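Across the two complexes that follow, subunit A remains constant while its partner is subunit B and subsequently subunit C.
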Partner chain A sequence: MSAAVTLRPQDFRAELLARGLLIPTGVDGLYGRSETFEGLVAAVDALIGRLAAGDGAEIMRFPPVMTRQGFEASGYFRNFPQLSATIHCFCGDDREHRRVLSCTAEEGGWTAAQAPTDIVMTPASCYPVYPVVAARGRLPEDGWLVDSSSYCFRREPSVDPARMQMFRQREQVCFGSPEGIRAFQARWMQRAMDMFASLGLPAATDLANDPFFGRPGELMATGQRSQRLKFEILVPVSDPGRPSACGSFNYHVQHFAQAYGIQDAAGEVAHTGCAGFGLERIALALLRHHGFVPADWSAALRRVLWP
Partner chain B sequence: MSAAVTLRPQDFRAELLARGLLIPTGVDGLYGRSETFEGLVAAVDALIGRLAAGDGAEIMRFPPVMTRQGFEASGYFRNFPQLSATIHCFCGDDREHRRVLSCTAEEGGWTAAQAPTDIVMTPASCYPVYPVVAARGRLPEDGWLVDSSSYCFRREPSVDPARMQMFRQREQVCFGSPEGIRAFQARWMQRAMDMFASLGLPAATDLANDPFFGRPGELMATGQRSQRLKFEILVPVSDPGRPSACGSFNYHVQHFAQAYGIQDAAGEVAHTGCAGFGLERIALALLRHHGFVPADWSAALRRVLWP
Partner chain C sequence: MDKDIVRQVVGSLNDLSARAATLRDDSNLYDAGLSSFGAAELMIELEAAFGIEFPRRMLSRDTFGSIDAIAAAIAELRAAAPADAAMGAGR
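Up next, the complex of A and B:
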């Protein structure tokens, strides 16, 4: 076991920055990445790709921005306003430009005339997938499987490097019947546990809930737990005493299918689920548990990541 | 020469969508990417990496969001307000949340309380690099070289697939003396011309200017041209009659170094330049000129992309 695993949380972050693995920007939770860190993320991404290889999922990749229409349909702002982010632009002319450039801070500064656009930041890599699948019409008899990946945004500035505002998710998204989704969820939890074991990372599954906002959110969270819809795989990353979710395995029942009008082959509202991994978190967990120099890791571990 | 090269601009786009290479989202200039398209972008990216390999550049990767402070220092909103995008969030409580959820469209709808944050969309992949280099203190004697890459955002919705709102740039960023930057600029233009030739793409260099906003912008553009600061490499992509810039080679004089306080080894304000490629545009140019099925391309071309 490396010395990195015994570091205090704040020293883990300091070490990542001192070694240049993450590059600070001055905003909490927003970092540049070094060649070594990026290489590690790419290796984790490829490893997940090998786990998924036999499934025949359709690969879709998205930029980290989605349509406002799709975002609104999902109900995300209703449930998670605190994590949401909208993209605003300037639509004025020369004169309006001169006006905002001379606005005082109290008048709103240069952003005084920024207006909401038709796009928002993507909160999870599966979100852009639903409208695309919905637009194709009824699902095939056996349902459908998509392998999606993108940078995602969540407005939760934190000094914890495991809680970034912009991070990458690799998600498998399953469309089908309740039994199909439950089987998909169980299969990916097992694959993930095997993967973490092969990476020498201590991992535990846990029943979980999404961070629904406010008082009404408490009810939603309780409902999600009592129906056993969301599981996470927790791995100690920054704080050994408070492990971080590195994988998330969700059965949405008919939430997304209803929101986007996704029908099964018989024309009934479909069921969906997703199995997602936080790529930066897994890379950080590896650095935490095996030390800051991947070149020095055991040959066995390196073979798992770079076969 | 493939049939794809003779298609009308609108038919080129239709064909990309029909074949699923690009996935429409309902917003102009915002697309998902298929496995084939992503594979092509990755191959182009790796090819540029091989061109850069001997230079010893420091690799930095960034998410497509940068600090508002760094953005403001660059003067981007002063020069290009029409392309800028800011990120806004909700900071209210339960009560405020209920209020905005019941706002009418005229009252601003659910975005009524969205407020500007300390982050904005990154307009070019070199922008996050300058503050990082500035924070390290004076440059080494020989200057510095960074290899940066990220998704970038420009607010210019268009049905032309070569004009996306979110696209990837791979840029080399050079810090040093005027002679050093001019040599860097010339070297990368030559490398780029050789690369386009090896890809079987017709390419031409051209003196260019940035799309500065409004009346004062005309003066800036004229100045940029008369000083021969910006060159582009143009390749026909969507419209054979109106080629698109697939590479951009810029000498910033002291603009960025002054804005961010970047000093050379002697403590003087440094000079900077960048050589950038639009990865999606090059992928689209390849599809346009060689046909929509990369597996069918000539063995020689495939060896260049997948050696």
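Up next, the complex of A and C:
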């Protein structure tokens, strides 16, 4: 194992910045990426793509925003107001424009007339998929599978490079029966564990819950855990003592299907699940465990990433 | 009586309104269609109706599993702090 493993969390970040792998912007959790880092993210993305290749999933790609209508239907703001971000725009005329330009900071400055639009930032890459699948009508007999990926936004500024405000997810989204979703969840957890082993990364699965907001959120979190709906695969990234979730495997029961009106072939409310990977986190885990120069990594590891 | 109020709150939830009339006091509310969303909503509505606050240790699925379970939790809270509960209920 490389000396990178023994780095303190703050030194890991400093090293990423000093080597130019991540480019600081002055805002915590918001980084530019170097050619090397992007190459690594692309390799991880392609590797996950190869794992999914035989499944026949429909590829869908969206920009990192979704419709406000779809966002509201999902209940995201109700559960995660602290992570949500909305797109606001100036919709006034030139008189209003002059007014806001002369607003003092106390009056809100240039943002004084910003108003919510019909789009919001995508919190997870699978979110824009549900309304699209719902609008097609009933699912086929065997359900449906979608392969999604996008930049995602979560308002949780942190100096930990493994906790970015904007990052990419690659997610498989499954629509069907409870048995079908549970099988999908188990299949992807096994694939992911095999993938992390092939990447030489120490990975462990754990039962998890989403960071639901407030006291009702605690009840939702305990409910999610007791029903064993969410599993994560954890890999040490910034802090060896506090591993980061690099994969997330979720059974939503009928939450999204109910929210969007997704029906199975018989017209009943369908079940959904997703299996997602944090691409930057996996790239960071590789840099942490194998050193900061991918060109120096073992031939075996390089063959897994760049076959 | 507490159970009647609990039943009223339960029946007002989107998840359960259609089946409220057929629910027994010991019926499992999750089996009857209560989602985790609905359970959180139920908690908030019960707190408002009874002027109580469920402590952290009670924020589990089981607490809200049936009308009986909810009534027992409320009784326990009142026994622990009768004055507070009475004050809350009068708000």
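Worth pointing out:
Note that the second predicted complex is superposed on the first by the 307 of 307 C-alpha atoms of A that agree within 3 Å, B and C clash if a C-alpha of one lies under 4 Å from a C-alpha of the other, contacts with A are read in each partner's own complex, and residues count from 1 in each chain.
The rule is simple: a residue touches a chain if its C-beta (ideal position, glycine included) is under 8 Å from a C-beta of that chain, and two chains touch if they have at least 3 such contacts.
All values derive from a computational prediction rather than experimental measurement.
Once the two complexes are laid over each other on the shared chain, residue contacts for A:G75 go to subunit C alone; subunit B is not touched.
Looking at the shared chain after the overlay, A:I87 reaches subunit B, while subunit C stays out of its contact range. In the superposition on chain A, A:S226 makes contact with subunit C only, not with subunit B. Subunit A is touched at more residues by one of its partners, and among subunit B and subunit C that partner is B.
Contact with subunit C, but none with subunit B, is seen for A:V253 once the two complexes are overlaid on the shared chain. Judged by the touch definition given at the top, the superposed model places A:L101 against subunit B, while subunit C stays out of reach.
Applying the stated contact rule after C-alpha superposition, one finds that A:A42 touches neither subunit B nor subunit C. When the two structures are aligned on the shared chain, A:M193 is found in touch with neither subunit B nor subunit C.
Of the two partner chains placed by the overlay, neither subunit B nor subunit C lies in contact with A:L145. In the superposed model, A:R215 lies in contact with both subunit B and subunit C. The residues of subunit A shared by its contacts with subunit B and with subunit C are 78, 215. For subunit A in complex with subunit C, the residues that touch the partner chain are 75, 78, 212, 215-220, 222-224, 226-227, 253-255, 258. For subunit C in complex with subunit A, the residues that touch the partner chain are 35-37, 39-41, 43-44, 54, 56, 59-61, 64. For subunit B in complex with subunit A, the residues that touch the partner chain are 23, 25-27, 30-35, 38, 58-67, 69-70, 72, 77-78, 81-82, 84-90, 92-94, 97, 100-101, 108, 110-111, 114, 116-119, 121, 128, 131-132, 151, 153, 155, 165-167, 213-215.
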